[in-house]
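Below is a structure I'd like to ask you about.
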Amino acid sequence: MSDYTASDFLPLSRQEHKQSLSRPSLSYWQDAWIRLKSNRRALASLYIILGLLFFTLAGPLIWRADPASQDLDQVGRPPGADRSAILVADYAPFNSGPNNATSLHLLEPATTQAVRLQWQALEGANGHRVYRNIFPVGVEKAYGIPLAEFLTNDVDSFEDRLDMKAVTYYYSLVALGPHGELLDGAETIEVDVQRVTTLFEAIDRGLISADSDLAIGDEISLTWHPLGTDYLGRDMLARLMAGARVSLFIGIGAPLLFVLFGVFFGSVAGFIGGKTDQFMMRFADFVVALPFLLFMILFKITFGIGPGESGVFPMLVALVLLMWPATARLVRGQILQIREQGYIHAAQLLGAKTPYLILRHMIPNTLGVVLVTITFAIPSAIFTEAFLSFIGMGVAPPTPSWGSMSNEGIKSMLMTPHELILPALFISITVLAFNLLGDGLRDSLDARMRNQD
Amino acid sequence: MSAAVADTKNASTLLEVENLAVEFDTYGGTVQAVRGVNFTVQAGKTLAIVGESGCGKSVTVQSMMGLIPMPPGRITAGSARLRGQEILGRTLVDGREIRGSQIGMIFQDPMTSLNPTMTIGKQIAEPLQVHRGYSAKKAFARAIELLEMSKIPEAAKRASQYPFEFSGGMLQRAMIAMAISCKPSILIADEPTTALDVTIQAQILDLLQDLQKETGMAIVLITHDLGVVARMADEVAVMYAGKIVEHGSVDDVFYRSAHPYTLGLKLAMPNNDPSRQHTLQPIEGSPPDLFSPPLGCGYCARCPYAMQLCCSKHPQEFVMSGAHYSRCWLHHAAALSKPEELYFSATQGDQ
Amino acid sequence: MWSYLLKRLLQGILTVWFIATATFFAMHNVPGDPLSDERVMTAAIRANLEAKYGLDQPLMTQYLIYLRNISRGDFGISFTQENREVNDIIREHFPVSATLGILAVLFATVGGVLWGALTALYRNRLPDVLIMFLVILGISVPSFVVAALSQLSLVNLNDFFGRTILPVAGWGTVSHMLVPAMVLGLGTMAYLTRLMRSSMLEIVSSDYVRTAKSKGLPPERIFTRHQLRNAILPVVTVLGPSIAAITTGGFVVELVFAIPGLGRYFVEAVQQLDYTVIMGTTVFYGAFLVFMVILVDVLYVFIDPRVELN
């Protein structure tokens, strides 16, 4: 074969021979961080969590609205709703004056200050009942909520000032029989209510300056609520921030504390071993067997919440007291496992003392597992807080938490869904972020715990 | 080679593997685990495939059995014919009549290779029910006989026990009983003794040999243990970096080693012949990265006799004699040095 | 087997005793003692209670009376509902909760196992991605939100068709049970799906499934006998806690859907501080949960041959 030259068959020099196979050596944490960074979902979750912390801690410094103050001009307003209002004169008592009505009609333009109705007695009526509805009455004769009842035809006018909103109302006048029973005769009018505010109120709330030359009939803008208001007219954004403080304080504080306690308990049990270990673990088993939520509720009842207290602290204590055993078991198992590892024996043979073993081998090798446990404990603590607050066993009003806000929001779900959806969204996003971060941490920290996603 | 000789050779050839190549897609890139492998298996004989971890020996047989997960695995080329019938690339469904029926297989770790929640007897009975159409009862009775054949004491009682109640050696016997339940013509044993104690290893190897004598089946033995090869094999294929680097009869490979890698393996193996005492010599370095396989001979970087062209051109098969060949440039006629430790054929270099 | 069962039962009884004791002393610790004169109650209830609990006796005697009553299965008389025994309340409302709970557990386990196996088989393909997205949602959205939103969509559904397709709230017929049971089981189903998926993935690449393939078994046989059978084991181990989660989750679902179950009564009792009802239902729920966990553990022994009894 002439394809090859003689030089092809010369021996390789030592230099050429050497293989270059040197990858940089990485520490455990460097390696874990690189793996976490390559997990896009976990990284996004990490940013979301940082964003939430910023929202909670720095948010109130930027958005300075008071979460407890009520804006009575805007009650249950969804985000981005129209917030213009007409300036009107101060409220003047209602004097219906002469009745020249032919049917149910408005005496003056309907405003959120008052809707004034006047009517002519319906045929055959011995009295009337006034109803208000937010939907058309329809064939089922759904008149809505009764506002007033008059068992005589002498009264021919009515002023509605009940919780007025700037929407369309359907006012119905229904004839009553001699004994106050409903008759068939009824009249309905559709009323578009105009949002108004008085000059005095506007100045008082700082919407306009006292020396402005605005006059009655001019249009002004009411206070801005970026995420709307709740059923008491409180600013949703400010409440969500205040609620985040409570929810995240419990959600992050409790897991940190009980994991810390679990680590202490578990490592002591695992390290001492023998009878002490057995006794300690029996105790942990016992606590595990207690029905968790029932005991949370018992706790809450027992320690009650005094006036002016938020109930955050009792809940934290209850969570810590009931949730530590799982971590304790895990850490004990880990310690027992590590104690039998070859490198521990090797270190002992080389003269390592117990403190060194604990610091250098035990803690770093359990830290990953503990970190993952904390990350997964956070969503479950947040859920527990939300659940308890939802059934009214959590933090006490007026302290907002995402759970209690959802509880309040669910009552007006059909009318103003944002009061439920916003806090629920915050709970869901937080829980989702911590879950995904936990998955990512588990995958990157501990190959043995790897779940094959 | 005359046509008549070729015919007689083919008559005893059960399995013919030609130019088999397998790749795996991983996050780090594509791994070329097997890069063109040829061998044949003769009826009633034992072929040993030797090599270190990661050289592709297990992938070779598993791809024949359709056991490599696809994806990420991919058979990119080649064919494997059992009595002339192609068996490569068969899916789980139409590969059924071959797997477990004509080819049986046992694995490295018997502890994890058996279903933990099914009794041993039922697991052995399964192939009989599926391939032979036995009733559950008949298959179970046959399973007990098979356990007896595999020299498991109290077979009837053992058959209704679960794997966790067995020792490693006993489990491997049960695995063997399961693999031979349908009287396959080939038994593939993928490192059958690696996970076992040395004394148990010997028993399992004895059992395999006894069963081979009784049933006349061929055995393909995957191992990294040259001791096992010497004891069991008729033919040996030495694999390195996804290729067979030397192939021949057991005597050829042991006494007339023609590849530096085979030589390296032998030097790294303990020896109980006092006249040939030597210090064990490890092979320096590690196998090449198969993400980007070397252009030339895979062993080039570790080979003490490496030449200029070794790392750039892949050596072809240099035939020593008959079925004995070596893929090493040292056998090229133009090679300058002929290390005396290595066997060189008298007729080589005439190409 | 029997000694194991006995041991577990004794442990269970001990736990229930602790729950009962903790409940008793917790209730006596409440600011405004439940059995003190401060509370306004009708004369009839007052007389009944005094006769029943020996209110003039020292605390320990009251405790012993309480324990004796409980061991007889007598949980006392309601504080707020005249002459209504807690036993009656449980007898009347627990079956509702139990029906809902059983449906939810069925839905959660069957769904979890099925979806989990499916996602593992279609790993990283469309069904997997789709189901896992829903699962992540199911894990992250609190049950009361799911309950509220599904109620909202029921309202819209019924509006759209102009008649009641599925009732929005209440109890009585199967159509009343369907949506609440699904809502109640959803979180657990999502959790079980995840568990089943990772367990199934581990098994799909396990050595013994490879062995089963090498035996030439048909895929469906490998799936049922070798994969599913083993992948279900971790699901069974968390069944006890799952039942507990569904039972307590029922509190919220019953509240939202206005279902007359025991959970709703419990929550109402807690809100109204109806002490005897709280004590009775807590002990009842506690005992129920503790023995459900024991039952599941015993069940597991039959399913996994490797578990040794001791």
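Lettered A, B and C in written order, each chain numbered from 1.
Here is the rule we use: contacts are C-beta pairs under 8 Å (C-beta built on N, C-alpha and C of every residue); 3 or more make two chains touch, one makes a residue touch a chain.
Computed from a prediction, not measured in an experiment: that's the story for all the values here.
Counting C-beta pairs in contact across A-C and across B-C shows that the higher total falls to A-C.
Of all chains shown, the one whose average CA position lies nearest the global CA mean is C.
Among the other chains, B has the CA centre that is most remote from the centre of chain A. Centres computed as Cα averages put chain A at a distance of 61 Å from chain B.
In terms of their C-alpha centroids, the spacing between chain A and chain C amounts to 25 Å.
Taking each chain's centre as the mean of its C-alpha atoms, chain B lies 55 Å from chain C. In chain C, the residues that reach two or more other chains under the touch definition are 205.
Put simply, chain A touches chain C in their complex at residues 286, 289-295, 297-299, 301-302, 304, 306, 379, 383, 386-387, 390-393, 403, 406-407, 410, 413-414, 417, 420, 424, 427-429, 431-432, 435-436, 451-453.
Residue ranges on chain B touching chain A, taken from their complex, read 285-286, 289, 300-302, 305-311, 313, 329, 332-337, 351. Listed in rising order, the residues of chain C touching chain A in the complex are 11-12, 14-15, 18-19, 22-23, 26-27, 29-31, 136-137, 139-145, 148, 151-152, 155, 198, 201-202, 205, 244, 248, 251-252, 255-256, 267, 270-271, 273, 278, 282, 285-286, 289-290, 293.
The residues of chain A lying in touch with chain B in their complex are 1, 4, 6-12, 16-17, 19, 21. Considering their complex, residues 205-208, 210-219, 221, 225-226, 229-230, 233, 303-306 of chain C touch chain B.
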